[in-house]
Structure formats: structure tokens, C-alpha cells
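In the two complexes below, chain A is the common chain; its partner is chain B in one and chain C in the other.
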Partner chain A sequence: MGGPIASLHPLSRADGSASYKCPATGSNVLGSVNAPIELPGRRDALKPEDATIEVFVKPGTAPGGVGERHIEGILRGALGRIILGREKGYPRRGVVITLAVVGCDNIARGSSYLPILPALLHTSILALLSASVPLSMTFSATVLAVDSSGEIVCEPSSTDAAAAASLHVLAFTSQGHLLLNESEGRFDFDTWERVYERALAICHGTSALGSDGDVAMSENVDAQPLEGFVRDTVEDHIHREYAWKIDAA
Partner chain B sequence: MSSPLILLPGDEVPTDYLPSNGSAPLRLGPGLRLLSEAHPTPASTSKHVLTATQAGILSTDNKRNAISILSSSNRRYVPTPNDLVIAQVHHSSVDYFYCMITPQSPHAVLGQLSFEGATKKTRPMLQGGDLVYARVLSTGLGAGAEVEIACVNPATGKSEPGGLGPLKGGMVFDISTGFAARLIRASSAPSEQQEVAGLVVLDELGKKLEKVGGFEIAVGRNGKVWVDCSNSEDNAVRATVAIGRCLTAIDEHNLNPTDQRKLVTRILREMKIES
Partner chain C sequence: MASSATAPTAPPALSLPPSQFARLQPHAYLLAHLSPPASSQQPSIRANGRAPSQFRITSANTGSLTHTNGSAVVRLGDTTAVCGIKAEILHTEDIASWSVSHASSPSAPNKRRKLTNPTEKPGEDRQDGSSQAEDDDDNSYIEDFSLLVPNLSLSTGCAPGFIPGAPPSAHAQSLSHQILSLLHSSRLVRSEDLQIWYQRPNLGPEELERHNEDEQMDVDSAQDGSGGVASEVREIKAFWVLYIDIMIISLAGNPFDVAWTAVLAALRDTKLPRAWWDADNEAVVCSDLVSEARKLSLRGLPVSSSFGVFEADAASGWRAVIVPDAEEERKIAESDRKGIQRRWVLADPDGYEEGLAQERVCLVVDKVQQNGKIVIVKLEKNGGFAVDRKQMKELVETSVRRWQDINQILKEC
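Take a look at the complex of A and B:
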């Protein structure tokens, strides 16, 4: 199983954009961010001193439906917590995030969006970083499936996700706090605790806060922590862009 | 300073990277904010930490005791006082020209009399679509405020830095905002240290186009560059397009100085401008 592949700024006309491909879940998402822009008729929004965040999720082949509206709400809630909408130039303006699901194993109309939610979250954070939207911190997210025997499957494929008893998406900020938790299916508190420990290890590695068990260490040897992946992608991009400055120094 | 430091939002600025000029207060540039420490330790002397809000390279200026983040170069332009911009007049009223700095933002206002030597009798008659090279005077306070630009220093009545005012003829090319900032730094630096922003393109073009009459250039922080070669008569259009192509190609491909020289030679040859 290979790690995710991401690139920053594939689109030249958007203020910020990112593409993200996760081979394990088979999701491929292209995202763009335009900010700060004038939103027509929104100058007297409910929070006039804050930026308005709009998220659009476009499925690759079908028109959007209720599932997309639901996931847009989840994304808006999570991203609204880390975007600093009161920085200079942002109040009363809009931060518009458009996410196109380019490829995906099969999300049929009306089926669960949770398997590709981490890909959508990663695409949007990378696009926001490339658009230089002020953020309080970054985050990383992962999806875990628990099958009927209580076994945890990381980044499940579409068949695994369909067979799972419960699905969990967890996102952790770069400080190691839980930012988002979406779960569906039947599970108990103990299962959730195990899922939480495992997800924290995947996102932050074993040195993260609160991971004290040896279990997590032995389980997570296959890939680098996702937090590091986001950081490396952005650092690579900045290194390339500022090569003239770094070479001179 | 040691190796350049890349910060992501939420990262704290290490104290040994701060400029050590103790006399002046520290100035925070874009991309940084001051937070009070979440878990103050008795050992630490200050109760505040500097954290980044944008991903980018930490840049410090020891002379001005300033610190800021250089972020992605394709970002959208946000007007800041004292920036030089190329604006396009949209329409005019009795007192103001309404200008576009970026197509999406609301119009910036430019006083009818904010030009060098302008009086009620003699003032530039600008039509919709005309270009002006102007300085951002103020960005207003709070949300939804108007941006005001001017082609004159209100204190002295002169157009300073020189060159502000209507731009006649020539052509405008779009570049990224980061590249525009680099061009401004490179052209404002003394000529012996043109390498300051890793750009030799303007020097090189200047040398090669000297024979055909040279060129005029104005760079706006809003990601616009205006080029005019009206002195070169027959070659005017070709030289203008060649300069524009050089600048956009260097911006797009992030070329280093050697490649910039090669590109200039190649494009001038392709455009059949003998140098």
C-alpha cells in the first residue's frame, strides 16, 4: 500500500489549489480555493466581522445531491474552526473552496461519503495553504473501518468500507487535538477509544500526545504520519518556489 | 542567519530566529501573530509566542527589526498602504476615478486631483479602460472599507517615487504577485547587486534592447507589469511582446539566472529582434 500523493497549485487561475490522491481508498480529489473574494449580496451576513466560508463538493460524474450538501456542512464546520476570518482583508469577504471528486471507487448516489472525507479534508487544507489563507493551525485526517469481528482496518477500500460494521473519520490538528469526528454504524465506547488511539498514531506518529501503548507502535510501521505528509508537501512546494532565495542564502 | 526556516500555520517562531536589534520594537509583518503562551513555564521570560498563520519562509530584517512570512507567490493581492499598483479606470465621477486593482475586489477610488500638478482646470482626462500607476494611500478601517489610491504624494505634491501617473501606450501582462514583489525588489536595488532577488532578466533585456531604443517598465504589486517600447519604432510591438513573454515564462517556470539569460536570448532570436 503506497502513501498518498499530493501536489500544490496544479491550477493556475485559482488563488490556491491542490490535488490529492489516496491509493488505499481509491480517492482522487482536485480542490481550489479563492479568497478573499466579494460575495454578491453577502455584505451583511450574520457575522459581519468574520469571513464567510463556502464549500462546494462536486462529484465527478453525477449532479450533486443531499450527500454532497451534508458533507459540505461537515467540511465547513471543521474548516471554519481553523480559518482566521478576522485577519486583514477577510471580514465580509468569502473563502470559497471547491472540491471536485475526480476519481473514486464507487460512491453511489446516497451512499456514505465518509471513506473519502479525509481526502476532501486534506485537499482543502493543502489548497488553503497554497492560497495563503490565514489559518490558526493545520490538521490531518484519517478514516478507519471496524469490521464485524472488531478488527480495525486503516484507510479501507470501498469493499472493506461496505463490509464494515462501523466507519470513523477523525481529524487531528497539528497540536494533536481532535478537530472532527464523524462515525457511523454500530460500535461501543471501547471500540471508539481503540479507533481514537489508532487514528492519533496514524496522524501524528507514535510520539504524539497521549499515545502510550506499545500496540499503536507495532501497528503503525507502514507509513509516515499524515501530519508529516502535509508538512512535507507544503515544504517541498515552498522550497521550489523560493529556490532563488534559498540558493542565495 | 542560519538556513531558511519554513513555517506552517500554528508553528511557533523559535526565539533564536528573531532579529537581535534590542533598541527598536519588533515589527510583525504579514503571516504572523502574537499569542499569549498556552502553558507558561516559569523558566521562560516572555509570556507571549509568535505563531505563523500562513505557510512560508520566515524572513527577518535586522535593520528595521521586522519579521514576516514570505508565502506562496500565487496568492491573491490584498491592498496594503504604500504598495505601488497598476490600476485600470472603470468610470469616473465629479470627484473621483473608480479604478480596478484586482477584477474581483470593489473599486478603489482615485481623486481627480491626485496627480502631479493637477488643478481644477488642468487635470488628466481619463476614460474607462485607461491605466494608472498609483500608490495605495489607505485601505480604510474595518470590514468593507474603501481603498484609496493616489498618483501623488499628498505631503509634497510630487509624484514620488517617480513614474506615478497615467500609463499611456504599452501593454500590461499578468504575473503572479510574488514575482511582482521580486521584480520590484530587483529593480529598486542598486545596480551592482541585481542578484538580490535572483533576477537578471531586466538587466539582460536592458542590455540587449538598448540598440533598438530601450523600454519602459512599471511593476504593480497587484500582479501586473506594464511594458512600453514606443522608442523602438519598427520593433515596438515585437519588443513589447518579447519582454512580456520573457517575464511570464520566468514567472511560470521559476527559472534561475542562467536559464533567464538563455531564455532572453532565445526569445529575442525567435522574435527576430537583432541585438
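Take a look at the complex of A and C:
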């Protein structure tokens, strides 16, 4: 099973866009960002010194429901802390993030959105980077399932997720903070700590934070750390965009 | 002017009353309370007079609404929620996928455990650790057929921002969804409590005997030793659907905790009438005897506690360069213990504090009755960098203390 596949700026009319596909969980998300834009509506009700962040999630085959409203709130909370809404040109304007779930197993009423939450988070951070929205840092996220025997499954498929005793989504900033944690199911604190360790290893590799580049990997993390994945995607994109310049040099 | 002439003794003071200061400079106001100058000898206390890990006074009252199957009013400080639970019957004939997927699974009745004694208190039920497989089977009914339908309404004029009669706001929708997914993931309600069975008469002698005994419809004959014969002819004819309506009638912060506590209290109060399938009328018939109605036997008592993080540095949210990385963060935490505190985790934030706390933590914990083990049912943290592993451990401990309090309150109500 390969790692995630992402591309920057697939949409030409949006300020920034990204598509993200995770083969393990089967989620495929297309996201666009428009920022800064003038928002209609009453402005005096909102914080005047900050940008307004709007997130819209559209499931693939159904109209959005209460589950989408909930996940939009989660995304807004996490992204609101990363986006520097007080930089020049942003206060009183809007950052509109639209995420379309292109491919994933149907999410029924009241069931968990957690399996595709990392894909939504990654798509939005990549789209924000592609729109050059000022950010204080980036982040990476992962989903882990713990089955009834206490075994941790990384990036579970939908059947694994349904059978799991608990599901956890953790997002770590590029500086190593725990930005977001969403856990549900029955578990104890020790399990959560194991999940935390594992998720940190998946997002940042197992080396101590702050060491640059070469990351020593443990045997249970078989892929590149996800933080590096976000970085590489942007790097590749810039490399392609500036190919003419690099060639000329 | 006359007024200046009459009061020459006291010069006009350039000070604001506390309430105005609180409105103009909310951040500085709360910070001044939490970190009083060392000379003043005052303890660090929140603007509302509580210690950082102190919850507001909670009270609960059940059974106030007579037309519901179960109801509760829960008050947490100035936040109040009313929850009413109404049970309606869903015939299996009306479920499109029923005949295909579930109608005749012969193994299902055998797997069922004997039903709880109706006199048992719902809070003291046994734990389900041993019967994992059975529970999975059990729970799929509730999720597949949406047997629990919670709905939360904020459009009651509960706070100035919410206009009565408006469509449900994104916040209300999100809360409804959280309650539904917590009901599903905590598996609080047992699906067997919601099943209405039909016992096809098999003309055996023990069948008649069973009716003489003062037993419930659901009590499987597996108990009295004839399970093999009888279980073949039992089938589910209908389900109870529980409509759980929550109205927040006053909102002063922390709506999720109060809504969830109201749901818990109302579910503990819920009584379903004895119902059975009447083959002659081809309808579900309910007994109107109150003595035959039975309470739901809930699995455990998951209690929710919410926290907000207040940062001393008002700009920490948006100053790009200042945000320290996780390593530095730990060093700062060290220095915290020695001297100046930089952030406070406030339990049960009220409306004023919620506006100042970007980072939220919500924990739902349960304590297993037998071995006293702590089970976390939901752990959410969003919107900030302050709460990491160590702080989380402390919050879990606070939540466990809260579990004890709520358990006590719900027992007494």
C-alpha cells in the first residue's frame, strides 16, 4: 500500500487548491481556498481585527447534513489557530475553504467522520499553502484505530474502522504541538498514550524534533513521515513551476 | 453645575466599575483575576469566583414532563437544558431492508443474554466487557435503523445571539451530531430494550405456564431450560424509537456538558410500556399498567466534562514568530511551576470565558462498576497548542472527580 498522493493547484480559477488521495483509507478529497475575499453579510457582528474563516464540506453523493456541520466546526477550530488572520489585507475579510469529498465510503447518519478527517485536514493545509495564505506553521494528521485486542491499526480501511474499539485522529503541527485530537470509542488513558506515540512517529518520524532532514525511522513506521510529505508536495510543485528558471540557470 | 458644587469633597474618580471593565477589556479582566499581583495576597481565582478546576453548581430534576416517557431538567450554573424522550413504535414491516437482512437469523435469539431485572436501578448495571461480540450485534440495530434520534434546539432565545424561531444554527446542528455519535459510540442504550417481540405459540405446555408467571414478554425461555424449542419461533416485530429532544432554555457557556447530562438523566428516567405483537389484530399492543412498564438498562454512565484554555498572552493566537515549538513549550511548563503562570485550563467555562478561550477540550469518561477502571469514551481537543500529554492526564483525573459528582447528583434526583 503506497503513501498518499497529492497535487497542488488542480483548479485554475480558485486562489488555491489541492487534491489529496489516501489509498489506505480510500478517501479522496478535492479542496479549494479563496482568500482574502470580501464576504457578504453583516461585518459588525464578527471580529473586526481578524479574518473570518469559513469551511464547507460537501460529501460525494449526498447533500450535507449535521455531520458535515460538525466536521466543519472541527476544521475551522484547527485551521483558525494556524491561519494568521491579522496579517495585512486579511482582517475583516474571509478565507473560504471548500472541500469536496470525491471518493470515500458513504458516511451514514450519526456515524463517524474520523476516518476521512486527516484527508480533509491535509487537503485544506495544502490548498492554503497553494493560495499563499499566511500561516504560523503547517501540520500533519493521521487516523489510528485500536481493535478490541489493543492492537493499533494505522490508517484503517472502512471495515477496520467499523470493527475498531476506538478511533483516534491526531494532528501535530510542524513544531510538534498536538493541535487536534478527536478520539471516540472505549479506551483507557494508556491506550491513548500509545496512540499518541505512534501518531507522533507517523507524522514526524521517530527522531527527536528539530533535527533537520535525516529522520531515523523505526521498523513499525514504514513510510515517510507525513510532515515531510506536505513539505515534499509543495517542494515538487515549486520545482515544476519554476522549471523554466532552473533550466535557464 | 449644581452637582459639582454639591460634591466637592470627592474628586471625580477615573476608575471604572468592574462590570464595565469586564466588558471593555475582557481579556485583561480575567487575567487580572487569575494572576493577582503578589503583593495583594489574593489567591488566583476566576472572574466568576471559581477555582480553575471547579465546575459550576449542578442540579438535576427528572420526570417533570408528564407526556414524555422520560424527561429531565439539568442546570449547570446559568446554563439550563430540558430533555424529553418520547418513544414511538417502528414496525419491522416499515423497514425496507428488514426482511432481507434480519428477519430470520436463527442465531440471534440464542445469543441474547437474559434480560435485566426490571427492578434493577439503571445506574448499577453490569459491565459489558465480557460480551463484546454480542454487543456489536446488539448495537447494529440502533445504528442501522436510527433508533435514537436526538435533536438539540438553541433557537429558544436562550442567549442574545440566538433568535427564537430561526433555523438551527451550525452550532446546534453540531451539538446534535455530537450527542448522536456519543450515544452510538458509548453504546449507552441497549438495543434489546428497544425490541418488541412476538412469541409464536408453539402449543407446548410450557408456553401456557410462561404466561402464568409474572414475567416479561422478552424474557427468553432460554432461562427455563426450553430455549431450543422456543427460540425458533420468536421474532422481532417492532422497535421502540426514542426521540430525544433537548431544549437549551438558558445558555451561559458549555452547552454540550449540560445537554449530555440532561440526556443521561432523561434516559435513566425513561420507562417503556410493556409491548407485544398481537397476532389477531396484527398490531403492536401496549400495556397500560404502570407496574409493567420497565426502565431502560443503560450501559454505564459516561459523564462529559469540558475545559477551555485561557492564555495570558492575548496575542499568542496570531503572532507568527512567537509560537514556541513543542520542546520550548515543555521548558516553559517547567518554569510555570516555579513562578509565573502563562495559561490556565478552566473547567466548565461560562459564556464570558468561552469567548476568551480558543482551545477547547471535551472529555467523556466512565468508570466501570466492577473494577473501578476508568474508560474514556470520547476525547476531543481542538484549537490550540497548550494541552499536551501531561495536561491531558491531569484533565482525565479532573473528569473522574466530576464523574463522581454527577453520579451522585443523578442518583439523588
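As a working rule, the second predicted complex is superposed on the first by the 230 of 249 C-alpha atoms of A that agree within 3 Å, B and C clash if a C-alpha of one lies under 4 Å from a C-alpha of the other, contacts with A are read in each partner's own complex, and residues count from 1 in each chain.
Everything below uses one rule, namely that a contact is a pair of C-beta atoms (placed from the backbone, for glycine too) under 8 Å apart; a residue touches a chain by one contact, two chains touch by 3 or more.
Treat the numbers as computed from the prediction; the structure is a model and nothing was measured.
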{"item": "First (chain B), second (chain C), both or neither touched by A:P134", "value": "both"}
{"item": "Contacts of A:Q224 with chain B and chain C, given as first, second, both or neither", "value": "neither"}
{"item": "Chain B versus chain C as contact partner of A:E241, first or second or both or neither", "value": "first"}
{"item": "First (chain B), second (chain C), both or neither touched by A:T159", "value": "neither"}
{"item": "Chain B versus chain C as contact partner of A:V66, first or second or both or neither", "value": "second"}
{"item": "Touched partner set for A:T173, first chain B, second chain C, both or neither", "value": "both"}
{"item": "Touching partner for A:E193 - first (chain B), second (chain C), both, neither", "value": "second"}
{"item": "Chain B and chain C footprints on chain A, overlapping residues", "value": "84, 87, 134, 136-137, 173, 175"}
{"item": "Chain B-touching residues of chain A, taken from the complex the two chains share", "value": "8-9, 12, 15-16, 34-38, 43, 48-49, 82, 84, 87-89, 91-92, 129-138, 173-175, 230-231, 234-235, 237-249"}
{"item": "Touching residues (chain side chain C, partner chain A) in the complex", "value": "132, 143, 146, 170-171, 173-174, 176-178, 180-186, 317-318, 320, 323-327, 329, 358-360, 366, 373-385, 387-389, 392-393, 396"}
{"item": "Chain B residues within the chain A interface of the complex", "value": "1, 3-4, 6, 8-11, 30-31, 33, 53-57, 70-76, 78-79, 104-106, 142-144, 178, 182, 195-199, 252, 254, 256"}
{"item": "Partner chain C, residues of chain A touching it in the complex", "value": "50, 66-67, 69-70, 72-74, 77-78, 80-81, 84-87, 108-112, 134, 136-137, 148, 173, 175-189, 192-193, 196, 209-210"}
